[in-house]
Structure formats: structure tokens, C-alpha cells
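All remarks here apply to the structure that follows.
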């Protein structure tokens, strides 16, 4: 496992992440314009969706997809309920903040997924293409669980219709599933003319995006006032626990080792795109500084550096047991 | 023809356009930052200009260019005069709105041109490289025709000097003709080092841009209050009529079938970059919601989906007649 | 030498620069969004850093690096002191403006460096990879020299701690040196997956960026009120003199001809990214219109068109003498 | 002043995801329009913040409304319960407008 | 207030392509400067709109001018005929400025 | 007006690199917060300018502060010596705010 950590630490995307983190630590004024970063993230989502779809069109969906989607959906719904009591007791948070943070951990981080895929595939440990669909399916159900936790017993209505709509048609869900569908429709031959942009350029763009993520994650951590030691510790324990559960679930339902590892990455990661905006809208009383510091400042870097190689190691060893 | 519609509908750029349109219809919050979209459109114009210029440097200009430029210029000047009376009578618009909309239909849509080129060339039906110059020449003369229509009889001065300048040195005209000239200067050999960006990456970038265009077109349509059924119908009839005229003109002046089809695409398309800003500046009384809804919300999608394969079919069959 | 000027004038990046300049001269509304330009400049810095690092990992650092870094550092510190008296006497500027402008000429222009590298390497005259580190080392020391000139004798404190920090951790210094280090770490093999973005796409991106630089440089020149003939002449003399000194220094310390030419380009170029913001912060009394007009409006175009081929010619002939 | 009429100008500093809620409250108060622009940073009791387009959660906008005194009162009353939970900053002043019937 | 002088503050919400015309009118009214910023969206009688950089036709800016009362009057009078055709929104209020001779 | 209190609103047009200095002066004057937004262009005695992200040197921001009269006085007094050298434009007016204890 330590070999894998070392190897993954020396891959260009991770090194650019580290460069961004170090620059922010040194209080450099290096910055990627917000709109450029947003553009890069759209590119990454379209590319990962397309690639997954093309691969499925090549190999066929197989019986695994249904069960994997179900597992992802269940994990996204259930993790918030597992995480919230810990946040309340060990983290000493009120119900509203606990619910908001829990929603982030039930959902997933697209960039963690993309980075894991890139690192795994780069060393011959490629997950199934349909895992993109699992990623998309896991993005938003956790929002509903989080709100249920925050609002249960308060007597108000649980979900505004606008929120249900947001959950179903969130921009990143639509883009991921849409590009996945396009990939399936066009197949390998139709993908040819767009592969220079979406395949050849991919790792390089990921480097630039992770440079920005390093800057953002560390700045977020340095600006926060709300994060205390307990919560920082939970930001490390949650990915470990949820990730292990994800790997185990993936192994149990019969996914190949790489796909099980990716399911672990998904379960262990925390959202910082789809969920924060939804929480700010639906639970404005919750402290945005807090949930962003935990998901973006603690869990994201931890997964990028430790989680990704760890879940692989776990999947390979659990796979050996069955 | 229906085969061609089907084939073109399954090409990645069109599928991304459909994804954007569906996302907007579902009121998803998917959005491409404005500045990124602007950057992509500059890239597309530079790339298409370069490619046209390089091809001309390879094949030579030939006698066709002069006559094609003349045809394009005449079409851009004349179409507004053909379109405006219909807008006044059938569309029941006043002179000012009729003039403003007419200017859009005399001018051209760069993205429709680019998409047509990509789809045609992808199936061995490549138009002449100099059609880029025709595109550029058609962009702005229609602005003057539109103003003439709107202002005739009002006694005021027809054109501000600033407008004539805008017509001649509009950003997209300058970029298209400038890159075309650069392409001719550097030739195929000089193009080598920049072809990875401008050729290999092209179709992929077009996909991302059309995703945004799908979002924008449908949102424009949903936000508009001014568009009524008559005008929507005109938004379909104008591209059909103008496009047919363009194909016929191209065939008559002896262009090859693909170039004639592209001249049809140009004549049938409506501007939504160069003309709207000029109209807002020179005819502020005209309803911007209206002309953008027609050109961007109705005519643009119609051309992308129906017009492009239709004008090809027309050009191939007309070409057979002569 | 005139052959080289002609050849370099016909390379795509220079032609796009000329297109931008002509468009601005014709008062076209062509414009690249600011955030997109910023994104492109980050890309160029990351790419040039990576390439330099990878090359060093291949060839080894060699004894030249240390002496080249030292030469660059000394030039950056010393040039402002050579330039300031000329600005005061011939340019008739006060101490503050002279100090601010002098800082720009001691520092370097990343884009001039990148363009020179591209043009030199494209004709088999490739400089050493470590010159990127020299570029980075030269960016900010001149800021301190410029402040020393402006403030000497005023009795106030010379440098705020915040400024020293800015000098050491300026965004472009961090990105250049960071990517250089990453390039050395990953080596040629690790660079493979990201080379499609950073190598294949490079010249094309440089074209788009120089298009914008042409627009900005000429607009800056047309908007300025402060620039007079004397100062414009100095904007040409400084690059000639400093560039010649740089080439001579490079030749004397034993660099190969291409690296000596690049050291000339660095010494002759003037900053318009790192230094202007630092001067606005630390010498707000200095006229920003003036230093930007000189560095961006005069010296930058002069170097792109004349300086780059000239310093090559000089290096080749000086090299022959020793 | 050539035919200008007094109206109230209300500016609210608000997190971007909450803008639709604000717009709905303004509409309920009978106000027919508003204008938005993005603010790029600031400091407050919650520390420093800067733009955030990636998650969009903490991006802030300035929400400007011109309205009659009566409608302005109603709008501000409707904002009261949200001030703390939504971390709003509300400013009110008077302006002269032309075409006052629009507001 | 330490040496501040009263001046008029005029803000005009205007479509981006019309800004040069506005600037020309301000200059004609003897006003020597203005400041612009982009607004990103809004609602009005014409419905919802959001930024539009692609065509640029419906992008809006806030156009801010500080001027003496007399010049402000002249500027607003010059705007009157354009209000409807150009869909302008005009606000005027008073501010205290330092270095009043500049405005 | 439902429980609003008068406070001072100070707006400063400032070059982006000088914002930290301004923020420091506001803090010294006892002001606990500020809000920034980017302005995209303008004209003045120094000619026309437009956004400049590349060098960042001439990009300008609007710096908004709400404060009590006393703190506002102190802040403006602290700005006085910088007005010319830093080319600041300072506006001051009154606004009504809710939760006045915050400012």
C-alpha cells in the first residue's frame, strides 16, 4: 500500500494539487479565475461521462450496473443517517449543522472520483465504465436525507418542490448522465473525432484543476473560524469508515476490485459542488464555513493523498478473501 | 435526406446541443460561464478561419472566390428587404422591429456554419475553404439594410459614422478574415505546429459550445414574452426560403455541391452575435427579446437539426439537374 | 539577421500578435475576456515550467545552472540602477516614476520568453531547459531595486514585510518554479500523459494569447496620455541595451548560443504581470499609465518583432568570437 | 430636479443560492423588479471571504430594489425574520427617480 | 464631516451597447468622469434576464456619475427623451465627497 | 420604517492592489466589515480605462463600508492623505440599516 501511496503521490495531478496547497500555505497570490475553474470542471464532467458511456457501449452494460446503481443509491441515502449522530455527539453540533454536514458525506466528490479513475487506470486497475452512472446517482439523494435529519421533529414541511427539482436536475447530475448517454449512443467510432479533446487532453486539464483545488482547499482551511479539532478528526474518520463500507459493499455485490475501490472512493468522498449550494438554499441557518471546511479543506485532500491508494489496497485484499 | 438527418442527429455536437436544450427544458441549473463561452467562440472563429486559409493556400483561390463573395454580399444586403415586408404583414410588426429582425436574417450564424462544415466534412462532403471568407463578408452588410428599412421615411440621418465602422471592423469579421489571411500566409507547413489545438481539438470544443447554445436557445425561448405563433412560424419559414435561395444561387454560380449547400446554410441562418449588439445600439426602440428569441430560440435550433441536412440534400439534387 | 526577422514574422504566434495589433489600431471591438486571458497565461506558465523541468531531468542540471541563475539574479537587481538615471535625465521623470519604470525593465516578460523559446526551438536553436528557472529568478528582485531607487533619501522604511513576501511568493514565480520542480520529479515518462495538453496544444494557445496581447498593447498605447516621444524612444533603447548586455553576459559565463540569446531576451524584456501590481501597491504615486504604456505598449511589441531575432543573431555572432 | 419623484432604494447583500427566495419576497410585497450584481469579496464577523463559483454556496450578490415607501416597508418587514438565519445585510435610503409609476 | 461637500450621485441601469451614448451625453452635460460595473441579472416588466456576453446585446451595466447639481440636472434632462426607447432606469441621490472640485 | 437605524455608507473607488491597505485603515478606524465588487471601466481625468486582469495593476474595485458616524469620520480622516497619491474617489451618504449594533 505504501508503494501505491508513493506512486500516486508522484503522479502529475497529485503533484499539482500539492503545488496549489503549498502556494496557498505560503500565502502566495497565485489564483485561477473562478470562471475558468468552472469551465474546467464542466469539461471534466463531460469527459468522464463520455468515456464511461463509450466503454459501456463497447463492453455492454452487464448485470452489474443495476446492482451497482442500487448500492450507490442506498449508500448516498444511508450514510447521512450514520454520520449525523457522530457529528451531534462527538462533534457537539446542533441538529441543523449535523444534517447539513451529513448530506455532504452521503454525496460524492466528482474530482476525487476523476482523480481516482485516472490514477487507477494509469496503473492498469481500470474500473467499469458504468461507475460514472453510479457517481451521478449518488450526488443528490443525500440532500434529502440531510434535510430529513435537520428538520425531523420541527413540524415544518420537509422538502420544497423546488428542492426536489434541484435534486433531480442538478447541473452536474444532468451533465454526467447526459454525456454518459451520449457516449453510449455514439460508441467508440463516434467518439473518435472528439477523443483528442476529451481523452488526450484529460490528464493535463485535471492537473490544472487540481492546482486550483489545492489553492482552494488550503485557503478554505486557513480562513475558517468554525472548525475545531473534533470536527477535523471526523473529516478524516468519515472517509475512512465510509470508504471501507463502500469497498466492502462493492466487493459483496460482486464488482471487480477496481470498481469496488471506486465505490469506496465515492462513499468516502464528500460533495463540494452539488450539496453546498443546496444546503445554503434549504438550510441557510447551517454554517457554510463549517461544511465547506470539512468537505473541501479536510476530507478532499485526505482522499486525494491517502484515500485513493488506501481504497485500492483494501479492494485488492478484500477481493482476495472472497 | 432522412438518413442524413438521422446521421447528423447522432453526431456528438448535435447530441450535446440536444443535451443542453433538454437540460434547459427541465429547468436544470446547468450553465456554462459567459466568459468561457465567449472564449470558446473566439477559438472556433480562429480555427475555422485558419483552416479555410490553409486550404486555400493548398488548392489556390480559383475563380470561384470572387463570384462567391459577390453572391454572399448580395444575399446579405438583399434578404432583409425580402424578409421585412413579411414581418410587417404576416408578423404584424412595426417598421422598426421588422427592420431589426430583418437584419438578423440577412446576416449569418457562425456556429451554424461551423456545425454544418463539421458535419458535411465528416461525411466526405467538404465545402471549399474560401467559404469562410464568404461567411465573414455576409456578417455585417445586412445591418445597413435593416437600418435602411427601419429608418426610411423618418427623415433622420441613416447611419452614424460609428455604425459604419462597427460594420466594417466588427470583432468576428476581423477575427475570421484575419485568421483566414494567416492561414493563407502560413500554409500547410506553418499550420503543422498549431494543428493539434485548432484541428484535433475542434470537434470537442464545438460539442461544449453547442451544449451551451442548447441551454441558451431554450432559455431564451422560455423567457421571452414577445414571441407569438406567427413570428415563431416565420422563424422556420425564413431559414427554409432563404436557405433554398442560397443553395440555388450557389448552384447557379457554379459552386460545387458542398459549397452551394454551405451558401444555403449561410443564407438560411440568422445572426446572434454581430447583429444584436449593433441593433441594440442603433435601434434601441426595437425589442431585443423578440429578435433574439427568433434568431437564437427558433431559427438556430431549426437549422442545426433540420436545415443542415436539408440544404445538403437540396444541393445534391439541384447539382444533379444542372 | 533579416532572414530571421522575416522567418519569425511569418510564424503563427507573431502573425496573431499582428492581427490583434491591427484590430486594435482599426478600433475593432474584438476582445478576449479578461478571465480567459488570465487562464491562458496560467497554462503557458505551467507548460513552460514543466517542459524546462522535464528537459533538465533528461539532460541533468550541469554546472551551468548555478552560474546562469546568478547572472539572472544580478541582472534583475542591477538593470534598474542602470536604467533609472537615464529615465531621470533623458526622460525628465521624478525619482518615483523613474524607480517604478526601472523595476519593470529589471524584471522580465514571461510571454516574450515563451515566444522566443517557441521561435528559437522551432528552427533548431533550442535553449537549455533550466532557463525557465532563470526566468523565474529574474521576475521579482528588480522590484526591490526599483523601490530602493524611488525611496532612497526619503527616510521612510524601504520595504513593507508584505512586499518582501510578495516578491518571494508572487503567483507567477511560484507557478513557474513549481511546475519546473514537478517536471524534474516526473521526468519524461511521467510527462507522457500530460504532454498532449502541455506540448501539443502549446503553440496554438500561444497564438490566442498573443492575439490578446496585440489588442492590449496597442489599446494601452492609444489610451495613454502620459507617454511622450523621449520615453517611447527609451522603450526601444532599453531592450536593445539590456538585451545586448544579457547576450554578452550569457556568452561570457559560457552558456550555449541559444541560452545566451534567451538570457538577452530576458534582460531586454520588461515585466507587465508581476511588477505593475507590486508598484501600484508600493508606489501608488507613480503613474501606472506610464509604466504600462512603456513596458506593454512599446517594449513588448519591439521585442516580439525585432528583439527576438536580433538577440539570436547577436548570440550566434558573439559565440563565434569566443 | 426635472420631474423626479422620491422612492426608496433597498439593497440587500445575500448569498447567491438565496436570491430566488428574496425575489419571491419582493414580489409578494408588490415590488415588480429587481437588479442583481455579483460582489467579489469582503470581511465581516465571519472572517474574510472571496468569490466562490465552484460550489456557488458562498458567492454573494447585491440585490437592489426601487420601490414606494409602503412596499419598501412591507418588503423589509418580510425580511426581518430571515436576517440572522440568512446572514443578510440590508440598507435603505431614498432616491429620486423618473417614471415613478414603474416602481 | 471632515471637509466634505455635497454632490449629486446619478446611477443609470443601461444596456451595454448603449453605454457610449450615455457617456457622450454626460460629457455634453459637462461631467468629466463616470464609472461602470456589470450587473448580472434582474427582473422587470420585460421578464427575467441574466448576463449575456455572447451577443452582448442585453448585457446591462450600472453607469455611475458624480456631479454638481447643475450638471446633474442637465444630464438628466438629456436622458429624458431616451428613457422609454432605451429602457433606462435612472436614480439620483446626494452624497458627500472629498475633493469636490473634481466633479 | 420598521426599526431601522441611521448609519453612514462610505464607498471608495480604489485600484485593486490597494484594497488591503484600505481594509487595514477601516479596521484601524474600528469598522468591522466591508464588501467589495469589481468595476469594469470608466473615464476620468486620466482618460478611459477598462478592466485589467492580466497585470491587475489598474483593475478597480468599489469598497463599501457601513459604519457609525463616528467611525466613518475616523475612516475618512485616515483616507485624506491618500486621496491624491492613491487616486481614490470617496462618497459618503446615509442609510438606514437593521441590526445597527453590527456596524
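Annotations for the structure displayed:
In order of appearance the chains are A, B, C, D, E and F, and numbering begins at 1 in each one.
Convention: contacts are C-beta pairs under 8 Å (C-beta built on N, C-alpha and C of every residue); 3 or more make two chains touch, one makes a residue touch a chain.
Worth saying up front: this structure is predicted, and the values here are computed from it rather than measured.
Graph distance from chain D to chain E, where chains that touch are one step apart, equals 1. Both chain C and chain E are touched by B, F.
The pair with more inter-chain C-beta contacts, choosing from A-B and C-F, is A-B. Spacing of chain A relative to chain F, judged by their CA centroids, is 40 angstrom. Note on chain placement: the centre of chain A and the centre of chain E lie 46 Å apart, centres being C-alpha means. Distance between chain centres (mean CA atoms), chain B to chain E: 34 Å. In chain C, the residues that reach two or more other chains under the touch definition are 33-36, 38-39, 196, 200-201. Contact of a single residue of chain E with at least two other chains is seen at positions 37-38, 53, 93.
Under the contact rule stated at the top, the pairs of chains that touch are A-B, A-C, A-D, B-C, B-E, C-F, D-E, D-F, E-F. Note for the complex: chain D touches chain A at residues 15-18, 20-21, 46-49, 51-58, 82, 85-87. If you check the complex, the residues on chain D that touch chain F are 13, 37-45, 60, 62, 73, 76-77, 79-80, 83, 89-93. For chain A in complex with chain C, the touching residues are 10-12, 15-16, 19, 22-23, 26-36, 39, 122, 196, 200-201, 203-205, 207-208, 211. Within the complex formed with chain E, the chain B residues making contact are 34-35, 37-38, 41, 162, 216, 223-225, 272-273, 276-281, 284-285, 288-289, 292, 296.
Chain A contributes residues 35-36, 38-39, 42-43, 46, 165-166, 169-172, 174-175, 178-179, 181-182, 185-186, 190-191, 193-198, 200-201 to its touches with chain B in the complex.
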